[in-house]
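Below, each structure is written out as structure tokens.
Heads up, the next two complexes both have chain A, just with different partners, chain B and then chain C.
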Partner chain A sequence: MENLTIQATKYTPEISLDTFGMISLTGKSYPENTFDFYEPMMKWVREYFASSPADETVVNMEIIYFNSSSSKLFFDFFDLLDEVKDDNKISINWIYDEENESAEEAGEDFIEDFEDLDIKLVVK
Partner chain B sequence: MDINEIQNIVEDDGIIFLTYGGFLSQSLIASMTEALEKEAESNDLKMTIANNIFTIFIELSQNMMNYSKSKDIDDDSIKPEGLIVVSRDDDGNYFIDSRNIISREDKDKIEPKLDEIHSLDLAGIKKRYKELRRSGKNTHGKGGGIGFYEIAKRCNKLEYDFKEINENKFYFHIKTFLLEKKEQK
Partner chain C sequence: MTVHENKLVSEIESLKAEFIKTTDKLIKDVKRQDKIMARSDKRQQQEYDELQVKFAEVEALQKEIEETQKEVVFTMGAIGESRSKETGLHVKRVAEYSKILALHYGFDEKEAEMLKQASPMHDIGKVAIPDSILNKPEPFNPDDRKIMDTHAQLGFDMLKMSSRPLLKMAATVAHEHHEKYNGNGYPQGLKGEEIHIYGRITALADVFDALGSDRVYKKAWNDEKIFGLFKGEKGIHFDPILVDIFFDNLEEFLEIRDRFR
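Up next, the complex of A and B:
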């Protein structure tokens, strides 16, 4: 399986998917077609966990702001991680600026929704 | 059109950050969001309020783009265009208005959601947002069906109305208030 990197645009984050066990999303997220945009990432993540995932997978999400369909997509992404968590060690860092209250709240919401996932709030 | 009249409106109604009336595309929305970021930066806006403005702006403008596209393809009077205004008054309150033409079918989808939001407090809105995001129901078109709840979470108040143009078409106006003194959550 190969690594996959998608460069950031004005309205989509940089996505970096590394078979050594690193998944990173950094930037803003308000694509016109959110589900189409993230499909290559979701496909990669599904294949990664189905083939030979690393002993530990670290997910770093640093999203400054995002539209509601991205919020739904991130939920689906966490749902996918939730499905494979019993067979894999996954740690998720939800990274935000100290002053960015809405990003902090979004992270808290995901922690509440996925209490069996290891999601940490990380202040930059 | 008299450009002086527009200038008067801008002066009377406080500082207008951004106003646009016309055809919307994703790249234009991104450029306007970038312009809003610059304005927010030069006005030393707090990051939280700035991000709430960007999110509401994006949500409303992408809605306008998508609702106009979604239905009545044969009816070319429903185009991906409308009016969107981001403004600020002297007390530092922010307002984001949007108005566009929608079909009756979309009105019938939007109105119950807005009526529900109107009946809830902030805690209730946040609860519904999470329920709807989890269930994935009411997803339609390109959004997740939670756009108005996202907007409602991020402002202090919203007002809306539908003005009938004819049997199948309505002006849809929504106004969001981001107030300097946040009400107690």
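Up next, the complex of A and C:
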């Protein structure tokens, strides 16, 4: 399986998917069509866990600005991780700036909704 | 008696389990959507509040910039005045005449108002003319005249570096207010519409006021004589369109002259 990197744009984050067990999203997320934009990432993640995932997978998400469909997409993404968590060691870092209240609240929402996932709030 | 368990029951039970699973998922999804929506609404409100604050700041800054420009121009005009023997009222009248000419020429209110503010700077170059010439009570000899005439170029040189709209306008006014429509003016000898409209307007406003005022070296002309000169200089010294505007709206000009006498 190949690594996948998607460069950041004005409206989308940089996405870096590494078969050694590193998934990172960095930047802003308010694409015109959120679900189309994230489809390659979701496909990669599904295939990654279905084929030969690393012993431990670390997910780093540092999204400084996101629209509501991105929030929805992130829930879907965590759903996906939730489905495979029993067979994989996954740790998720939700990284945000101290002053970024909406990012903090979103992180809290994820923790509340995914009790069984290891999501940590990391203040920069 | 043993009753066979109806196969339907197990089928329905399995359906029930599926149904519960599906409805649970639906409920979870709806709750998530509501949460996302609530967060989004809250954030939108914050963002819009912030935007409004920023807009107000930008507006205040814009105003500050405009006021500063006005003040700079006004102060420079006052410096120019203090160097020449003309009174502050001359500058005020020229400003008002310029605005009237500009409006009738077809400028919008904003640009006409800008010209009103910029036109008092037309003689700013005089700050660099020596007192011995500037204050000479007798008529200028050709050498004096030559030095005196440099004030247009000097004024332009002082202002030309600015990229501020009002100061740029003032630079044009200072540079071109002694150009003549027929090309016999100075410093560039521009002709007709080569002379910027700001220069053409200020030229007429300045001369009209100068002729009607007492100066150290001459008495004020009467109106008849001034009007005669304007008619004669139509298309020669002055833009013919502006001369027409002047005569068509004479009352407005005379009213200003009375008001700032």
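Methods note: the second predicted complex is superposed on the first by the 124 of 124 C-alpha atoms of A that agree within 3 Å, B and C clash if a C-alpha of one lies under 4 Å from a C-alpha of the other, contacts with A are read in each partner's own complex, and residues count from 1 in each chain.
The rule is short, and it goes like this: contacts are C-beta pairs under 8 Å (C-beta built on N, C-alpha and C of every residue); 3 or more make two chains touch, one makes a residue touch a chain.
Here the structure is a predicted model, which is why all the values come from computation and not from measurement.
By the document's definition of touching, both partners, chain B and chain C, reach A:Asp113. Once the two complexes are laid over each other on the shared chain, residue contacts for A:Asp97 go to chain B alone; chain C is not touched. Using the contact criterion defined above for the overlaid structures, shared-chain residue A:Phe75 touches chain B and also reaches chain C.
Once chain A of one complex is fitted onto chain A of the other, the partner contacts of A:Lys10 are limited to chain B, with no touch recorded for chain C. Counting residues of chain A touched by each partner, chain B versus chain C, the larger count belongs to B. Touched by chain B in one complex and by chain C in the other are residues 67-68, 71-72, 75, 101-102, 109, 113 of chain A.
Against chain C, in their complex, chain A makes its touches with residues 67-68, 71-72, 75, 101-102, 105-106, 109, 113.
Interface of chain B with chain A (complex): residues 26, 29-31, 33-34, 46-48, 51-52, 54-55, 58-59, 62, 65, 126, 130, 133-134, 136, 139, 142-144, 146-147, 149-150, 154. Here chain C touches chain A in the complex through residues 28, 32-33, 35-37, 39-40, 42-43, 46, going by the rule given at the top. By the touch rule above, chain A contacts chain B in their complex via residues 9-11, 30-34, 64-69, 71-73, 75, 97, 99-103, 109, 112-113.
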